[in-house]
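Next up: the structures, one after another.
Okay, so chain A shows up in both of these, paired with chain B first and chain C after.
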Partner chain A sequence: MATETAANNNKSVLWDWLTTVDHKKLAVLYLIAGALFFIKAGAMAIFMRIQLMSAENTFLSGQTFNEFITMHGTIMLFLAVTPLIFAFMNFAVPLQIGARDVAFPFVNALGFWIFFFGGLLVSLSWFFGGAPDAGWTAYVPLSSGEYADLGLDFYVLGLQISGLGTLISAINFIVTIINMRAPGMTMMRMPLFCWTGLVTSILIVFAFTPLAAGLALLMLDRIFGGQFFMPDAGGNPVLWQHIFWIFGHPEVYILVLPAFGIISEVVPAFSRKRLFGYTAMVFATLIIAFLSFMVWVHHMFTVGIGPITNSVFAIATMAIGVPTGIKIFNWLFTMWGGKITFNTAMLCASSFVPTFVLGGVTGVMLAMVPVDYLYHDTYFVVAHFHYIVVGGIALGLLAGTYYWYPKMFGHKLNEKLGQLMFWLFYIGFHLTFFIQHILGLIGMPRRVFTYLEGQGMETMNLVSSIGAFMMGAGVVVLLINIVYSAFTSERITVRDPWDARTLEWSTTTPVPEYNFAQTPQVRSLDPWFYEKVHGEGLMKPAEPMDDIHMPNGSILPLTIGLGLFVWGFGMIMLEMANPIITPWIVIGTGVIITFGSMLLHSIHEDHGYHIPLDKIKKIEKEVG
Partner chain B sequence: MSDSVDVSKGLPPNPEKATLEGKNKFLGFWVFLGGETIMFATFFGTFLGLREGTAGGPSAEELFSLPLVFLMTMLLLTSSLTSVLAMFSMKKNNFRNMIILTVITVLLGFGFLACEIYEFYEYVHHGGLGFTTSAFGSSFYSLVGLHGAHVTFGLFWFITLMIRYSRTGITLTNAPKFYVASLYWHFIDVVWVFIFTVVYLMSIGGA
Partner chain C sequence: MKGRIGLWRFLPLTALFFLLAGCGEDRLTALDPYGPQAQWILDNMILSLYVMALVIIVVFTLFFIAVVKFRRRPGDDEIPKQVEGSKVLEITWTVIPVILLAILAVPTIWGTYYMAEEAPEAAGSSGGEQENAEGEEGEDSGEEPENAEEAEEEGALVIDVTGHQFWWQFDYPDGFSAGNEVYIPTNQKVWFDLSASDVIHSFWVPALGGKIDTIPGVDNSMWLEANEPGVYKGKCAELCGPSHALMDFKVIAMEPEEYEAWEESMTGQEASGEGESSEEEAAEEEQSSGNEGSEEGDTAASEGRQVFEDQGCIGCHAVEGQGTGQGPTLSNFADREKIANVLDVNNENLEGWIRNPDDFKQGNNMPASPDMSDEDMDAIIEFLNSLSAEEDMNQ
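Moving on, here comes the complex of A and B:
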């Protein structure tokens, strides 16, 4: 069937990266893009903390502050943490299940480029009259055409596009995990990171689609005169809140579950024990995912939906504490009695546990409806969700970075700088956010750009800002570490620098483009550990050495992303006072690029190419 | 991996799922349809929440005409039937029949689309219900129009496939493509059944 086209070996490096469909290279692209957005949104947080350092400060205007809170939240959730999670999923999941690539390598690249161009569109808002300023939740009527300017059109269309990229990437991962597992890799032998990746992807499929619908409604309202959220014409602004939170609450779990997965990989590896309660962990993940769709109204307790509804959602919310508690105890019991190595990855992973408990406890506090009326829209809420997203997700991602870095880049990150980063970040984090609980309880409202003197808020805000600077310093140390380690760290030549347990460590370092010369035969949970202890120290092959079929690279994912970008920008131009070109020409160009590229991909049958056996043997000899 | 199927004795009984690539497409597309379901559900919810919001404009009872909607339903349901029959032909490796049945599917689809365009035209120009008239209008046009956009996309999809593979016969590469397009068409049909019930029958029947 497959027509052989020899791989083009003399492509330029840039062209290679722009057209790659290799999951390991896409992981690096996701990592870079996510890190850049993370730094951008982090810098905004620092600026906001400078503004709040003293009472009635004038460092930022109220308008700029609003734009910063909006962009900080939007970027962190959609454009920083999501791609960072996809970076690790892209890198680790195919390796952990013993696959040569994802199910749809082309779609994988497409997902990245669509996300990237969507993010670019959101970021472009700064140059066209200011960023969106209605908060990351973009509640109407604040986000309606009456109160919000062009920035919100960038928000609506940019997120629509980047959400599409996220959605198709998720579909790809579901199919990969279900269909592409190596022989013997049953569902209940999959590493927990694959399980959480699978569940997160399912959540994305069912949560990002309501968001797409909601954003479409808001776009229709703003640009085409729809009346969905306009009470005068029979519309209903609360509808937006429902749609947004039906997406928004699962979104939190979409981000935190892979962090749970990373912790569940790092903790056993550095405790020298198998994960305690593997089955319970899997089912806890599934229960959390199910419940995550049952709780969205707890973001809307003060809207006035009624005591019965509020009570039902309050109880459902508290129920999430049970499976999460199961996870917490399983991590503790994994560490209990283990030979623990406290390197940076393990420091991040183990300190995740108590931090996340704090975030969980305040979560249950917020779930109690009567007192939620007091907490609502105060810094207590800000503190709560930062304990989840920074103390949970960011620490998990940092642990994953230090853990997988040697496999991804062929050298470890410097341990001394790593520990310095950890302590700066960890102490800074608690300094910033613990005190915000108290600030919230004494009544400081969130999303307000300043506060008055003499209300007892000055000192606590100053402490909080100092903590934020420490976190910023921690991130700077991490960046220095990346550059420093690239030049000074010794190259890793062994397969398994951490003496870990799962399949990704059974591949050679650096990982060849086909991952496994022979698909491994999996005989147990933690297959690599099993072969090290019970087998001969290498994975048993499930197939003879043979030519390996590989997909060809393609520029079309990038052009489809570009087409959507132009299309989206054209739609925004409809709202501009005096666009230089007719918007419909721009829209048409975008549509033609998008669908033209799709058509080209559809009618051109590309069967990939084969890496011949002797070349594989040569590569294996070099790296092995 | 995709070339591991022996085709020397003709196509296997389920050509759309014979290769790993086909299996992946099959599963991936079902997941995609799951997401689409939720997206449509959101638009349905929006319509149900806002259908009373006529803001003095025309209401559903004044506007909808069941005979036209019945005709549209029949056209689309029949097209789903011919699409199933096309897939049976594909499994029997009867390429000619498959193409003929798909052409009928496409023609019926265009018939449906023409009715919908006529319906919208009537509502706008004689019924007085524009997209911006009221929340009811916005939610009606966006739900039914989204479905119409799906129909249009499906039609172009079928046409592209038929032109691209007009000379190749059924192969292990294009069988999953035809099959997935047919799944998409059935999905559109099921959504229409819900639109017919929720938007038209419930509005007129007073539920």
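Moving on, here comes the complex of A and C:
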């Protein structure tokens, strides 16, 4: 049996990160990848707002603008928010349920690398004749071979690959949360973030599969002359919209539920009070998840499906308002009667509540079909969903960043810079998006690269752009904060810098490789808080101290992802006018890399290694 | 008394709307409706805002009280009471939203059917339009040939709309067509049967009503009604390519008598271009036989008309009223409010557009003619400026 030395014999830091299967390190990788994509898509948004600052501006052409809106949406949803959600799920979920890692550490790494290479493939489109330009929804026929260039091939194959990674990670989390909970951690004692993580993962399994099918059909249409969506050959362009939104609507909840989860962690922690109506919160989450598959047609009210269908989906859509309302009031009553500390994390988390309500009420307004005939595809909708994704998801992610940062990196982020960031971002956000409701009502359709003079849209667009610059400034302050804090912030030696409630704060900081020297015994909801108040201030162990079995790192997840990347690129080369090499050679190479790596993983026996008891004792003593 | 106070509190919201109505451009903004459909939409939007204002006021009040009252003071280490929850409260904030949503659901469903109203039977069969899939009842009357005038008297004008990258084609039941500017009579419901030739577009006139997508291979239908004569701005609301933002159109509403005169003028133009039995054939004929085909007609070709044919413009742009589907018909070009819906009407802009359309509408399908001689250009411009239905009407 391999010993500890096998794992740690002088491998470089880079190699360590490329081969890691540790959920905490993968969380950091997700965080970095997600942040890079976020900055990229955010910069595009700034460029778009510069273009729209004045009427008939010529800063960007219509074509470039369309590429920007498409990439902004695609990146934000698939390649920025999704990995950021996974970053926090990777970091917090195993710690919160008292596990040493996820169920399949190798698969966890595989999910990350496939996602990453898929994202890379989408991004490559800029260097091969332009990015996709049919909107993130890629409605056919605009996204078909007749009307869209190579960019859409990158969209189709890149998202197919990155979606596969997301799917793999989701399955891993379902297994982890169901099987890996510490003794005493019943389902109804799980922190709400784990609940939302579980539900999100289930949603991914059911939502990303139709997406994969839809993308495969579109790929067949584009590259192999299929006719699924082409009206001239008897195909149906509306079919794509159904497939896309059966994925697309749950996708919103896939992203927002973990944000709800983060809020449900941060608000109780800084109100020093347990989550109000925990059971109601869990069931509200489940109901939202169920209903999220019942409402996709509200994205298609103006397609002309008929009044019966539209009415049914309108009612279903309104119904989602009820469980969401339950959540809002439970957060409010968690703060009610508490002792609230307003640091950056809590500012983000608490301001989420009223902001999300504003996005929620416009959601109900949008559900009124005949009135939606006015709102649909206008800036009103743009404003609505940015209230959800920025005012909801982004604020949740920011709260999560400030909240878990000390546990992840061993120091807090600077509080002054944090609050500066918050106010810049929050005020900028409302400036940018509130006014867009009105822009929509006075006749500005969404996805327009310009508007004519004299339509009364100049001032409001200028205000919106100024707001966007403020948000941009807020993000820059966050980045400065990260660098500044890395050099100046005090190292944290205590377990629990926030006086928080859940299990992740019972581990030493920084969290050792094995998370818990002894698996904790959970006796209550908010187990760490319970032990601090009712117990001896430390978690009771559920097992004697012993050697800890750990998985070895592996480069194979990376090579499997790389193989898929090469394969995808080869598929796109089929559509290129003059490929340098025969595309089938590239496709073959990719397939060989991927399946070769899989084969290698299957025949190579890897039993992992053990961390010996005395070393664990040494580590535990050092950190106290 | 209480009721009055309550209403008074909501007044600012309504007042706000009148204020906002001033923001947008008249006859574009949906906040200042000019037709029953747009009015219905605005009324119900305000209704929903009242309901939502209630929710927002409750949440914001609770929120601000909570963040002010329950702040942790420095040095306060007391652990607050750990409240598990409250069944009564949970039920309260489940039931009240359900009631509020039920209030909104009623007009939602009523309005959905109100807006989905089909054109009266007779209209669907005149002019040979395709019936909407749901309007099968129209078939009975379809056997009797009914002329369009009769249909119009019944108050059902049905206009075929086709969305193209990046212009709109409007085919009238009388057989003529119009490009980018659709004329309708006031104070009656006008139906639109909508489809698209290339990608998906969406037909939207904010001041008159809602929108509906035009989808290739799918026939949609909607109605609009304008209360007042005037020019209402319409927009494409579905991303359709690089010049999506410039795919505007106008709805020109006229008093019914005036509209009839206009219709007659357009029909007259169409009659002058005889020998064209259908739109497709017209296009093919023009393209294959060049100018000969139309010389047979009685158009004593002016110089500009000749150039218009020689340069091949006529291959896409019909000037006798019928559309070819390739490009907007120019039968009433001189009446246009804008050139290609983006440029102000003057000869310089027109020349610029003809020489290089891509400069103004990226990705449009009109070929550039940068090398056309100045004489030809002048002739074409003069010819185009002479094409007016409104002038004929007034004569």
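We adopt the following convention: the second predicted complex is superposed on the first by the 617 of 624 C-alpha atoms of A that agree within 3 Å, B and C clash if a C-alpha of one lies under 4 Å from a C-alpha of the other, contacts with A are read in each partner's own complex, and residues count from 1 in each chain.
By definition in this document, contacts are C-beta pairs under 8 Å (C-beta built on N, C-alpha and C of every residue); 3 or more make two chains touch, one makes a residue touch a chain.
Only a predicted model underlies this, so the values are computations on that prediction, with no experimental measurement involved.
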item: Touched partner set for A:G306, first chain B, second chain C, both or neither; value: second
item: First, second, both or neither for A:S54, with chain B first and chain C second; value: neither
item: Between chain B and chain C, more extensive residue contact with chain A; value: C
item: Contacts of A:N236 with chain B and chain C, given as first, second, both or neither; value: both
item: Touched partner set for A:Q419, first chain B, second chain C, both or neither; value: neither
item: Touched partner set for A:V175, first chain B, second chain C, both or neither; value: first
item: Touched partner set for A:F208, first chain B, second chain C, both or neither; value: first
item: Contacts of A:S524 with chain B and chain C, given as first, second, both or neither; value: neither
item: Overlapping contact positions on chain A, where the chain C interface meets the chain B interface; value: 232, 236
item: Chain A to chain C touching residues, read off their complex; value: 61-63, 66, 69, 133-135, 139, 141-142, 147, 231-232, 236-238, 271-274, 276-280, 302-304, 306-307, 310-311, 314-315, 318-319, 321-322, 325-326, 328-330, 332-333, 335-342, 350, 353-354, 357-358, 361-362, 364-365, 367-374, 376-378, 438, 441-443, 445-452, 454-457, 460, 533
item: Contact set on chain C toward chain A in their complex; value: 20, 23-25, 28-31, 38, 40-41, 44-45, 48-49, 52, 55-56, 59-60, 62-63, 66-67, 70-72, 76, 78-86, 89-90, 93-94, 97-98, 101, 104-105, 107-109, 111-116, 134, 198-200, 202, 204, 206-207, 209-213, 215-218, 220-221, 233, 235-246, 248, 342, 362-363
item: Residues on chain B engaged by chain A in the complex (per definition of touch); value: 1-3, 5, 7, 20, 23-24, 27-28, 31-32, 34-36, 38-39, 41-43, 45-46, 49-50, 52-55, 131-139, 142, 160, 164, 172-173, 177
item: In the complex with chain B, residue positions of chain A that touch it; value: 1-2, 103-104, 107, 167, 171-172, 174-175, 178-180, 205-206, 208-210, 212-214, 216-217, 220-221, 224-228, 230, 232-236, 239, 242-243, 246, 549, 599, 602-603, 605, 607
